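Structures incoming, each one as structure tokens.
Both complexes shown next keep chain A, but they swap its partner, so chain B is in the first and chain C is in the second.
Let's turn to the complex of A and B:
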């Protein structure tokens, strides 16, 4: 408890001691201090600081050196570095000052916890200056009498301290004021310099950790002068056209320094300088005549100077001055060429003479005019024609022949040597061989092999090939001893047509041409491909050649790339001369994407995609299928028709078996109810109103057994197969073939065998006599050789029910053998008689030919089948055209069979007749 | 070391009456590292430079200090150096080199102080004459360098460490006209003597 209060008191004392003004100094009195105060330490050295506590603090607050802790900034110094020297002094030692930072503070730990700062010092760590190196000086002439010496040096490493550099210089007996650099530490300039005195120059670097001096440089400042460049340079032309004279002023006194010079010059427009040989200007001077210049040429001159003995520095180049040499006569004749136009008349030429303006160094002045002389070599009598031309071309109208054209250029001084061009009647001489080109940077080299004959000159023509404009010819002349020239001004990626003509002394060789590119690139676009024709497994592609502007190089090949949507791409390379290609082995009915790529030596470009779909069927496939089928069908039809025609009798027997005419049978004689006056052959007589009692007549020939069994039933089989069933009662024989009644049908059976069996075993006929419209019904006879109940009630009820809706209309067909021939061309329905089932008593006589146990179909279904039935009937009608139609009267009988009067006629099959029962 | 600094000479020359001063004393040559073989040639070039610029300096002074264009005829009277002190330069081409060197030292020591006085007076009287002042400064500096080189030569070649030197009359306290006249007289004499010195000393200063 006491200790705590003691530490509190101590802390209070410390605060009071720190904060209270000192009576004597007015400053804060501290409980201690650190030695040394604000030291400057060499980086990497060791350092020891002492913290000394005041005795007064010891007495009052029980503060001792053992309680001192050292801190660097806010970081505690490890206690291993502490040392308690006595009760008031604690030291701390740092083996490497690089770990030091500022401030370094001495603190005490009051009450074991409260940290109180006693004192702090600022520690500066740095390096001693290094010896400045590479001291060098230069004396700049800044005006005619003013010189400034600037010395530079390498200050060495960074010292982290304030380091002062001083440039010092002295004479043997005199040390001049130091030059103190401003804002820099590596250079200083001295204005007070004196030539011709050896001067010692050095640099001193000083900071808190030491001083260093550079090596001493002893130099006469006159030896390190960079003089001002010659002033007021002027250029004047002399008497000679190849000389210009330069004059200038030197701003260094001859007594001070003798100078040598460099003179450089270049033609205006050129970039390369030429220099006057240095030995020609190695002596002091203020003028110089530059020789060997081109006449009438603008030159730019510049001069520089330095100390004659070579010590010191070259001055800067003087300002550039331009001078022009005077004119001289042209040094050579203009190159001349011709273009002969014979399009109007082969015998009369239009000769375009063209020549190139002389280059400035050839013209040596302003060309005032050209003098053209034309001499007809084939006719000595013709006078020489002379023309004065100011342009560089001239057109002549000349008859075909050999001419010598002479061209002279003239300026104010004189005329050029003549240029001679021979225009022969024909270019029959040998051409150059092995014409070739080779790109060389921005020039296109054209080479050739000389002909065997001596060639005076070569003319090289070239023009830019264009698809939209004519070839504008450029040309140049090469001497006869060269075999290659560089064509300038050639644009890259452009096609040039180059032609070389050899010129002989006595004629001209024919031209050899070659196409060339200076530089090739990939085509600017690819060909646009499209299909010309598409088949099942092949497609014919077409495209147009790229224009020469689009090619950008020689097209080496075309590449066709095609693929299906999900397939791999197939690549086909095509010769560049082609514009069409047939893709084969394609898959039918497949979408293909095709594109085309044009390639040069430097790349390829692809055109747009094009899609097409191969056809599903190949050419002629449909025809190959359809035509044979049709032919086969027709053939079958034809065969069928022929068969039917040939077998019409047989068919007739089977389909329309001859039913004996009951009127002619004996039954008419023994039937007591049949009046003799009944004449079945005369229907009109019997039914004057078109209505008659239904009569079914079945003619059975006794000698044709099959007519009652198999052959008679075949048509029914056919009918069954054709599903020509309908409502109503089946006609069985005639009704089905002639569609005598669309509301009547044959009640056939799907079981043909049963039908056959039945028909073979059951032959019956029911002759029902019924009155029509309250007329007296006719006697009806039914015949059958069967003893079983023929018209069972079920079938009739079905027939009845199925034909219930059609009971209002009843049709009956009546055919007689005797009328067959006359009625064949009549439509069966003309003789259709409708019968209305008024009541049961109004019984319609019918003949029901029971083929099978199946009865008629319901009406609804029968109505739907009427159409088929009609079609079938027409076919059958066609097939049976010309044959006797034997109508079978089929009548639905709404009455029960049992209710109907029946009579059975025993059938004598073998005899083909009916026996009365 | 027995060597009187050159600065002291400058102070001495400001005395109103010309005096005598020790120039070089002591046994060692000062700045022996700088006293190289080219000093002789440097001295020759310095004399040549002074000779080449003396007339131009005089003309500038006459025109600048007096306001006369060119060198008027009146300047012959005003600038007649007959009545002023100027070190005797009684050497010729046949004189010994040592004697020539000593005479040169006396001459340029006098010139250095006199040019200093003239420059000071002109800075006061004619501060706008920049070119004149620049020429005066350059000439003065050249004479300083020449003295330095002669000291080197005398010490190194002849072990002469002390030379009696007489300076001219100080212009301090004189009227402006007198200052100008005195400067003109000194420069007029300087033009005459420097030419003679250059001619006489040339063979002696050439490398032997």
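Let's turn to the complex of A and C:
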């Protein structure tokens, strides 16, 4: 308890000591202090600090050195580094100052609990300056009288301390003011430089840990001068076309130094400098004549200087000045060539003389004109023709022959040596051999093997091959001793046609040509393929060659790639000269996709896909099928026609039956009232269809048939037979149908219906019966009385006279009918024609009869005919029966003749048709 | 011959060479300075100035009969005098013009430095000839010019003009003296040489 209060008192005392004003020592009075105060230490060295407590604090607060603890930036220093020297002094030792940090504090640990700071110091750790190295100085001339010496050095390692550098210089008996660098530590500039005195120059580096001096540099500043470059340089042309005069001013006086010079120059447009030999300009001067220049050429000059003895530095190059040499006469004649156009007339040439403008160094001035001289060598009497031309081409109209063309270029000074071109009558000399090309970077080398004869020159022509424009010829001349030239300006991926002509002293060799590319690429597109013809297993493909602009190189081959939708691709390589190819072994009726690829040495390009489908049948297969079928069809038709031809009578009879013309009948002639009273249309009104029934006919026939003998049934059998194949005929009962069908009005609207219409049959039967019962007396007479009574009488007659008579009578009819149809049957047939479209009901009535009678035995002559004929016969028979009976009827009922003369009398008395019966 | 040349001879030749060039440059600078000084001080370039007291005259009779040491000593005495005079002129210049005409002051300072440098060259040459270099104070006490009297401003200007003119002449003479000394004949430095045209 006491201890705690004592420490509280101690802390209070310490605070009082720190904070209470003291008149003698200021505001703060500490209980101790550290020695040394804020030291600057060398990095890596050892260091010992002492903390000394004040005696006054010992007595009051029981503070002793043993309670001191050391801290570095709030980090406790291990106690192993402490040492208690006495009761008021504690030391701490650091073997390596690199572990030190700021601040280093001395503290008291009172009662092991409270920590009170006694004192603290700032520790600065760094390095002593290194000896500056590599001191060098240069004196820059900044004006005519002003020189500045700038010295640079290597300051050495970083010291981590504030280090002062001083550039010092002196004469042996005079020390000049130091030069203090500003913002840098490795250079300084001195302005008051004195020449011709050896000056000692050195650098001093100083900081808290020491001082270092560089090696001393002893130099006369005049020996390290970099002078200003010569000023006011001017260039003037002299009398000679190859000389230019340079003049300039020097900024440095002879008194200070004498100079030597460098002069460099180049042609405007060139990049490479040429230099006047240094020994020519090694002495002081202010002018120089540069010789060996090209006439009429612009030159750029520049000059520099340095101390004559070579000590010091070269100045910068002066500003560039341009001078132009004067003109001289052209040094050589222009290269000349010709293009001969013989398209108008082989015997009369259009000669295009072309020549190249001289290069500037050959022209030596401005070419004012060209003088062309043409001499006909084949005719000595022809005068020499001269032309003055300002352009670089000239066109002549010359007859075929040998000419010598001379060309001279002229400028203001003089004329060039002549260029001579021999134009022989024919280029029959030996050509070059083994013409070849080889790309060389951006140039195309053209090489050849010289002919055996001596060649004066070679002319190399080349032009860009184009599909859209003419070949514009470029050319150049090579001397006869070379066997290859580089063509410049050749574009890559373009096709060039290169031709080489050898020129001999007495003529010209024929040209050899080669196509070449400077650089090849893959074609810009592929060929567009399409089919020319497609078969079952093969397809003929065609395509067009790529244009020369699209090729981008030599087409080495075409590749055809084709496949089915789900099949593998097949590849076929085709020669590049081809434009057509036949794909074989294809699958029939299959969709193929084909595309085509063009390949150069540098790649390929594929054209668009094209699809086609192979045919299902091969060539001739369809013909093999169709032709036999057609032949068979034709044969059948032919046979049918023959058959019809053979049966034409029957057909004719069937299709165009001879219908008697009532107007020509004798009765008609005999009874002029008949046509007026004969009205068929009234029958429709008289026998409405709705009033018919059919019951009694079938039953009656069936019952009767059973009771009939075979002979009795023959007529019915015949009818059945006929009905089995015939259509549109009236029933045997229907004599009335021959005359006037009760369904005529209906049949008009039922054309084309089949004859097997049961209801019609029923109606027909009904017509007979009902008509008979329902008709008015007059009507009954016109219909039923002409029929039903006949049947009755017929039956009765059969009953009386036997079936044989009846049969014989019918046979007779048939026979007559067949023999005299054109005459006898016409009226009946005509009538039938009137209802032929719609008398099916009547015919079906026969079907019913046929079924009920069950008799199909052919009888009489009618059975010798075909069924059509039989049907016709039956119809006719039916008519005949009616008609045949009618006389009987007439006989039985004579009174009715007066009442029905219109319908029956003409028939019964008809001469042509019925009289034989 | 160059290989046989002793280091001292080479150093002497080098000193002579530098001294000649320094004297030449000094003359050129003094001539330029004269123009600037006359213009700055408002003097007439053709003004006649009496000989400056304390400065040995450059013109001397029997110049070609002087020994090398004699030449060196006379040059040294002259340039030491010029150094003192130029230093005083520079001080007076600063007092008169302050920093108004720094260019003239810098030119004066440069000439002063050149004079000092040339004096150093002469001392070095004398050392090479194993001659005792006379002390400046002792020289001043015995042979040197008396303390400069206090002059009026115009007199100061005229004296300055006289100093610069005389320095220009001395620069010419010094070039000739050093060329004479640079000649390889060792006898020339110790005995009167043959007559030479300056």
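In this section, the second predicted complex is superposed on the first by the 505 of 917 C-alpha atoms of A that agree within 3 Å, B and C clash if a C-alpha of one lies under 4 Å from a C-alpha of the other, contacts with A are read in each partner's own complex, and residues count from 1 in each chain.
The working rule: a contact is a pair of C-beta atoms (placed from the backbone, for glycine too) under 8 Å apart; a residue touches a chain by one contact, two chains touch by 3 or more.
All values reported here derive from a predicted model rather than from experimental measurement.
Asker: Give one word, clash or fit, describing how chain B and chain C relate on chain A after superposing.
Answerer: In the superposition, chain B runs into chain C.
Asker: Let me test your reading of the model: by the given contact rule, A:454 touches which partner, first (chain B), second (chain C), both or neither?
Answerer: neither
Asker: Touch check for A:348: first (chain B), second (chain C), both, or neither?
Answerer: neither
Asker: Just to be sure I read the superposition right, which of the two partners does A:255 touch: chain B = first, chain C = second, or both, or neither?
Answerer: Both partners.
Asker: When the two structures are overlaid on chain A, which partner does A:273 contact: first (chain B), second (chain C), both, or neither?
Answerer: So A:273 meets neither chain B nor chain C here.
Asker: Which chain, chain B or chain C, ends up touching more residues of chain A in the combined arrangement?
Answerer: After superposition, B is the partner touching more of chain A.
Asker: Now for A:170: first (chain B), second (chain C), both, or neither, which partner does it touch?
Answerer: First partner only, chain B.
Asker: A:196 contacts which: chain B (first), chain C (second), both, neither?
Answerer: A:196: touches chain B and chain C.
Asker: Of the two partner chains, chain B (first) and chain C (second), which one does A:633 touch, if any: first, second, both, or neither?
Answerer: neither
Asker: Just to be sure I follow: which residues of chain A are touched by chain B in one complex and then by chain C in the other one?
Answerer: 145, 171-174, 192, 194-198, 220, 222, 253-256.
Asker: Which residues of chain A touch chain C in their complex?
Answerer: Listed in rising order, the residues are 145, 171-174, 192, 194-198, 220, 222, 253-257.
Asker: Over in the complex, which chain B residues touch chain A? Could you list them?
Answerer: 3, 5-7, 29-36, 38-39, 42-43, 45-46, 48-49, 51-53, 134-135, 138, 141-142, 144-146, 148-149, 151-152
Asker: With touch defined as at the start, can you tell me which chain A residues reach chain B in the complex?
Answerer: Its residues touching chain B are 145-146, 170-174, 192, 194-200, 216, 218, 220, 222, 253-256.
Asker: Which residues of chain C touch chain A in their complex?
Answerer: 18-19, 21-22, 24-25, 27-29, 32, 106, 109-110, 113-114, 116-117, 120-121, 123-124
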